[in-house]
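By letter and in written order, the chains are A, B, C, D, E, F, G and H; residue numbering begins at 1 in each of them.
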Amino acid sequence: MADDKETNKSPETGYVDLGFAKVDLARQKRQGMSEVIYGAGKTTEEIIAILETMQAHGQETVLITRLSEEAAGKIREVVPIRYDARARLGLMGGIPEPDGIGTIVVATGGTSDIPVAEEAAMTAEVMGNRVRRLYDVGVAGLHRTLSHLDELREATVIVAVAGMEGALASVIGGLVSCPVIAVPTSVGYGASFGGLSALLAMLNSCASGTAVVNIDNGFGAGFMASRINHVGK
Amino acid sequence: MADDKETNKSPETGYVDLGFAKVDLARQKRQGMSEVIYGAGKTTEEIIAILETMQAHGQETVLITRLSEEAAGKIREVVPIRYDARARLGLMGGIPEPDGIGTIVVATGGTSDIPVAEEAAMTAEVMGNRVRRLYDVGVAGLHRTLSHLDELREATVIVAVAGMEGALASVIGGLVSCPVIAVPTSVGYGASFGGLSALLAMLNSCASGTAVVNIDNGFGAGFMASRINHVGK
Amino acid sequence: MADDKETNKSPETGYVDLGFAKVDLARQKRQGMSEVIYGAGKTTEEIIAILETMQAHGQETVLITRLSEEAAGKIREVVPIRYDARARLGLMGGIPEPDGIGTIVVATGGTSDIPVAEEAAMTAEVMGNRVRRLYDVGVAGLHRTLSHLDELREATVIVAVAGMEGALASVIGGLVSCPVIAVPTSVGYGASFGGLSALLAMLNSCASGTAVVNIDNGFGAGFMASRINHVGK
Amino acid sequence: MADDKETNKSPETGYVDLGFAKVDLARQKRQGMSEVIYGAGKTTEEIIAILETMQAHGQETVLITRLSEEAAGKIREVVPIRYDARARLGLMGGIPEPDGIGTIVVATGGTSDIPVAEEAAMTAEVMGNRVRRLYDVGVAGLHRTLSHLDELREATVIVAVAGMEGALASVIGGLVSCPVIAVPTSVGYGASFGGLSALLAMLNSCASGTAVVNIDNGFGAGFMASRINHVGK
Amino acid sequence: MADDKETNKSPETGYVDLGFAKVDLARQKRQGMSEVIYGAGKTTEEIIAILETMQAHGQETVLITRLSEEAAGKIREVVPIRYDARARLGLMGGIPEPDGIGTIVVATGGTSDIPVAEEAAMTAEVMGNRVRRLYDVGVAGLHRTLSHLDELREATVIVAVAGMEGALASVIGGLVSCPVIAVPTSVGYGASFGGLSALLAMLNSCASGTAVVNIDNGFGAGFMASRINHVGK
Amino acid sequence: MADDKETNKSPETGYVDLGFAKVDLARQKRQGMSEVIYGAGKTTEEIIAILETMQAHGQETVLITRLSEEAAGKIREVVPIRYDARARLGLMGGIPEPDGIGTIVVATGGTSDIPVAEEAAMTAEVMGNRVRRLYDVGVAGLHRTLSHLDELREATVIVAVAGMEGALASVIGGLVSCPVIAVPTSVGYGASFGGLSALLAMLNSCASGTAVVNIDNGFGAGFMASRINHVGK
Amino acid sequence: MADDKETNKSPETGYVDLGFAKVDLARQKRQGMSEVIYGAGKTTEEIIAILETMQAHGQETVLITRLSEEAAGKIREVVPIRYDARARLGLMGGIPEPDGIGTIVVATGGTSDIPVAEEAAMTAEVMGNRVRRLYDVGVAGLHRTLSHLDELREATVIVAVAGMEGALASVIGGLVSCPVIAVPTSVGYGASFGGLSALLAMLNSCASGTAVVNIDNGFGAGFMASRINHVGK
Amino acid sequence: MADDKETNKSPETGYVDLGFAKVDLARQKRQGMSEVIYGAGKTTEEIIAILETMQAHGQETVLITRLSEEAAGKIREVVPIRYDARARLGLMGGIPEPDGIGTIVVATGGTSDIPVAEEAAMTAEVMGNRVRRLYDVGVAGLHRTLSHLDELREATVIVAVAGMEGALASVIGGLVSCPVIAVPTSVGYGASFGGLSALLAMLNSCASGTAVVNIDNGFGAGFMASRINHVGK
């Protein structure tokens, strides 16, 4: 019914206007990472158009989050991307050499939290970090957590991923002296209310040195951990 | 404007009718403990009338919960009761010899949880249980929890009292093989939402063998722990 | 993109590390029951690997909760398990002779609550308890509840399973002197909000001697009831 | 800063306009009862002005709800009213002879629910109903409820007032064949969330023939019960 | 794994025990209507078994609520029932002659509320009431409401069915002097939160003489309206 | 089972009664726009009948919101409509010449908000407004917002459409002096709770001159913007 | 402990920096109204300092919202302000001549909503609008609403202020063709949840042409109404 | 009634047991900061006892959060502490020289957010950080934010403190490449729901590189910022 979409209006403002999206070309300079595409709610055509615009303007590494396997398949016919089904991440371009201060540990309470943890871990790797994974070390079996105390204490930053009651963040937070990013997951049922229970628990953690990202937001946690691991750089 | 209150209608039904209250005389037989008076929302006069009715019918031990210090003072002028200001508990009659299976441990995450814990501990003592208190053993300093492992493992039942993120219940639940009663407290602020955060966390505990009572319900936890400690008796 | 999973790292710590899971071999000693597998969110391959690891280390009885019929079929091609579709439970190994103090009664408010009740009842049986089922005895027809008063009063522990307004727990709690585990279910619609209504009602029960588990958590209720029925053993 | 209030603009429209209030003179004809004044949020001066307007226009009986004791004292200096502190009700004019179909029973779960119950009972009496009070008959002591079965079954309408888990409405609803108005109260603490728990439970009642009014709305329940008790009249 | 279901244990208690259900045969005497089957969460086999038990014991009219079209088809192969797809109601037996005091009006705010309204209207008809339907008379077009003022004022009871902001109940409640049963529906989106918005609005109605049932609970509203329309009979 | 639907009862009241719907013919005069059909929850047959009634009574332009692609196809076989799949809007009749005061700007935070924005933009166009679209100008890349400052400041009304944290409305609101209509969308996940997060943020906007419509309610925002753009006309 | 507050840093940026506040001097140009001071959470000293800074820079009219009577008294000793206790508004400077397009009507459901309505009305007057007040015209007495139909239809914008179920906005919205700003108030109790009930109802209004501001936000509604009444000016 | 508190049980475990508190002496080594006392819910006597224990064991710097002015006065009579009333912080011992990587910027949306911001800023200073304060730079006056762009971009970590809609965190997050800690405050009213609105907005921030702490948790944000500013040290 209407079509007033302007294209390529203002490259000098630092972005390219595709009408449905303004592709940000200055973010790498401004925020230390090139554009990340939030895949949910975008058509495959829109994602491809954004990727091609970025390629055309010399952006090498682009991450696509919350990308379905089906969409990844269609994109791959046009633009070369790698895809991880568990983390639902697509990646155009390569993974750089780690250049962070130290190591980021990504830990999960259980096996079911791994997809979110992988989103965090892979995001951090794409952003130039060395990552160590410690999965299924939840507090119901505290000896599993404690047997990894050395690895936890060597970390520069820790990403603690847990659903249900989210106690992992508090327990780890009490054991270490580095910053902890807590990621509540929607793993659970009933009164977990889609991750609300873990979210509230993590926000109320009695262990200082913890901050929280959105439910299932592995990407945000990995991004934040990378920023911390590059502080002052 | 109206007054259709009948009194003393039906002692043979097991209760005495005071109009504003039906005093239950059969509970001791039916439920193993004499009437407990929920003090909140009752006038001092009403509480005294109930106590006197119970005395007159031979009930020896009566617990009054959520009793303000001021009300306790007024009651004491008429009926001899003991009062604990921290737990806001009044007690008519004596504390019996412990006759339970073993020991009930009452543990708290922090110092601010102690009033609720004392309500639980004293209720259990009044009901004939040996109680051991482990206060301020929260997960932010895990070595404090772990240094009491022996006492925790010797317990018949454990009451775990914690506010904020309520992780204590999960951590203890993962360390022992006895039943754990989790009591969320309203200790906290902001997103603790008056104890909701701890409540949800405890309901979602990944440690099996845990059940939960209402926020700040020390009485209910002590009562439940006593029942468990008298199972089969 | 990354693969730093170590396997079989530390049998001496009491668990076997499969990377995606740390299989707990010491739980039977520590918590009185061998590992229980939470089936939701795990792939069939992961469940099979955990079962095989347990078998290899001499664990005889393993329960798998929230297991879909389809997954159960695939598992059965590799590891011998029994499966109950209504309770969505899988079981490797046999059901032991009951060795608890007395009998666990599992009661439901209605017919639609039976799947959750069966999860509780079967969990308790697997853990060595004699179980009596009283189904569809909800308070809308109080004579149904009252006609089972003898069975309720003979119980060592009662598991009360109800959705909608969850009044069953309060009514039973007022009639007996044994511990009652209340299980809210998601049965209902509209303002039942997926079981929240029953959950809140049960937490606020005016009948003392009641504690609550998560919505639809039949497993947790059966586990807790078993612990209570083995107290002091 | 502004003053555009018109007074006495349109008596022929059925109301008198006081600027801050439009006093409804036609309600008695339209709705079967003269104006009721919701006392909360009105100044004493406003209430007096409304009462005087009504008097001047021949309205005899006016109920004032949620009236503080202090305000009642001030009003009484100007307009003759009766006041009940427990129900926080003021009444100008007399109580009529009962002319309803039968008897309204007002029942409460506990003693703390009585203020709300009295608001219901007195409202019904002011509207011309015979009222029977059954207080403290909650489900934790079911024999107390059942010993009043005859009075419950003789009622034309029942108002069931309860806080905490609100199970009273379901239990009574299952025992009788007359309409039941359920009134949740804010009695309770913690997860009662100011009466939300009882409200949800009553809305989800498995007993048919029950409808619910707002938390602590004794007036609304008494009004509705009166309408039912005058159906077809 | 277990099978302790007893059948036909106690006909003299007023019900027949099918194990998964206790079929209530005394309800017609006790509550004025024979058993109603809540169809959700029951298997077709269970529903058929209950219907056959009732038939065998002389129950003539049985209503089945929340019955899917598919289940109705299967049931009809065994037991003769009528089925209304819009209201998702099944009916065994005939509709009796109206014997209530007057007429029940069922009104809806919009067209999308009709399925819930039909559940109410048909339930009332099955219970012996004359019913008048006024559909799509919501407050956004107030002249539509007002043009039916006569029919509204002639009613003995009104069932007001509305989603979104649920204002219909308040507007009708202010116009009439008979009891109004308000039924919030889940019609709406966004901040209607599945009917919560309409539910809260109806509970807070400033029009006296209104009481509320659960979201989408047409059956409960029709049942309550019938009870009111038979008061004193 | 029942059929008391009257048709075409009262054309003189300004509407035609189809039984399931009262088609409002006077709205164009009363509210400045002919009937809008809320497509959700109506059958295709009902929508067609309403459209035909309107056509027969000379209504030229009718908008159908929340219309599925499948339903649109069926309707088009009978009544000529245009359909936009992204906005899920159907339109019978033509788009009029713009006659508003100035231009309405519709802005979105991201690409995923475009369907809601298109519903707003197209509704405004159908109601006689000139519309300018500014898509993907969210605050995470503030330079994108700021590069459109001139267009924002030239607007008569702005519709700000955003999900997640909904900050777009506050940022725009602080930059302009025209009214801003904020539309929260359900774009997001986890703690966005289906748009609740954006809704609350917009309601709490620290920028004056902002008002909010329901989550995803593009139609309502476009309608409101049109009214503002025609104020005094 | 620390003191790095800079003062008067950058007048050329359009504001004066007082350390605790950046006083915005450009808002009058940018947003059409000089700074408004949100009084809650500021000390009297801070408010005085801001007022004096504004005076010194030639700002004539400044509104202070949510100002307590006590604070107003102290401020008046230093800076000449007018104060309205009911609306809790302070005003430095005079009220301008109305220069808007037409008249703003401010309507309330009841008498208790007047403080919020006055905040709206007086804000609009301060911003140069003619305002007409229609108080206590709620839907429980629809004839009161309808007797003002002419005044409602003559308005350029309507501010509808209501608590409890908030139906006023929908009813007015269905009667007029101008924009309606709905203001939910916290008037009510129980399930009104501090205004949440009215807020949700207004967001879900079935009457198009309505937008909503925060609970009790009379200022925001008056501000928005003024902007609409000055559109295109 | 009971007194089983053991004192000074196990100095070798790293803490001193005062019965009501286990004073952690190893935290400085384990977590990089000596014990912090959460003042809320502790008696003045308890706080003094903890401070004296710490002094006796050589802990020099101890922070007391959420300390009332009255309690601070009493403590100062026994133990020398400094007190800041706005931030409600007490401090025993001195503030160390800054030894962090760079500068922490603490920014607020408005003046009312300053108490929380000061808690953050002073905590960071006590932990050895250089802190720059930017107060009242909220998004409603974006030029205030943008005029501090240099200071924001020079920061190592930013703490963004805001109530109401909490948009400050997103706007700052989009402008910088360092980690941002977002602190929602309870500043606001109505639908801010005690800070919930700002909390949700910050969790859903579309700007990557942001993590969130509890509502009003200035201490937690300052602590986290300090950890980040000392990463790798």
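Just so we're on the same page, a contact is a pair of C-beta atoms (placed from the backbone, for glycine too) under 8 Å apart; a residue touches a chain by one contact, two chains touch by 3 or more.
The structure presented is a predicted model; accordingly, all values stated were derived computationally and were not measured.
Any chain touching chain A that also touches chain F appears here: H. Chain centres here are Cα averages; for chain D and chain E they lie 27 Å apart.
The distance from the centre of chain B to the centre of chain F, with each centre set as the mean of the Cα atoms, comes to 56 Å. If you average the Cα atoms of chain C and of chain F, the two centres end up 49 Å apart. Per-chain CA centroids place chain A at a distance of 35 Å from chain C.
Contacts with at least two other chains are made by residues 110, 141, 174-175, 190-192, 196, 199, 203-204, 208, 214-215 of chain C. If you check each pair of chains against the touch rule, the ones that pass are A-B, A-C, A-F, A-H, B-C, B-D, B-H, C-D, C-E, D-E, D-G, E-F, E-G, F-G, F-H, G-H.
Chain A meets chain B in the complex at residues 109-110, 138-142, 164-167, 170-171, 173-175, 188, 190-193, 196-198, 200-208.
Within the complex formed with chain F, the chain A residues making contact are 1-2, 4-5, 10, 13-15, 19-22, 24, 26-27, 38, 40-42, 46, 66, 184, 186, 194-196, 199, 214-217. The touching residues of chain C, when paired with chain E in their complex, are 82, 84, 91, 95, 110-112, 114, 121-122, 125, 131-133, 135-137, 141, 143-144, 147, 187, 189-192. In the complex of the two chains, the chain E residues touching chain D come out as 30-33, 36, 101-102, 156-157, 174-179, 181, 199, 203-204, 208-215, 219-221, 223-224, 227-229, 231-232.
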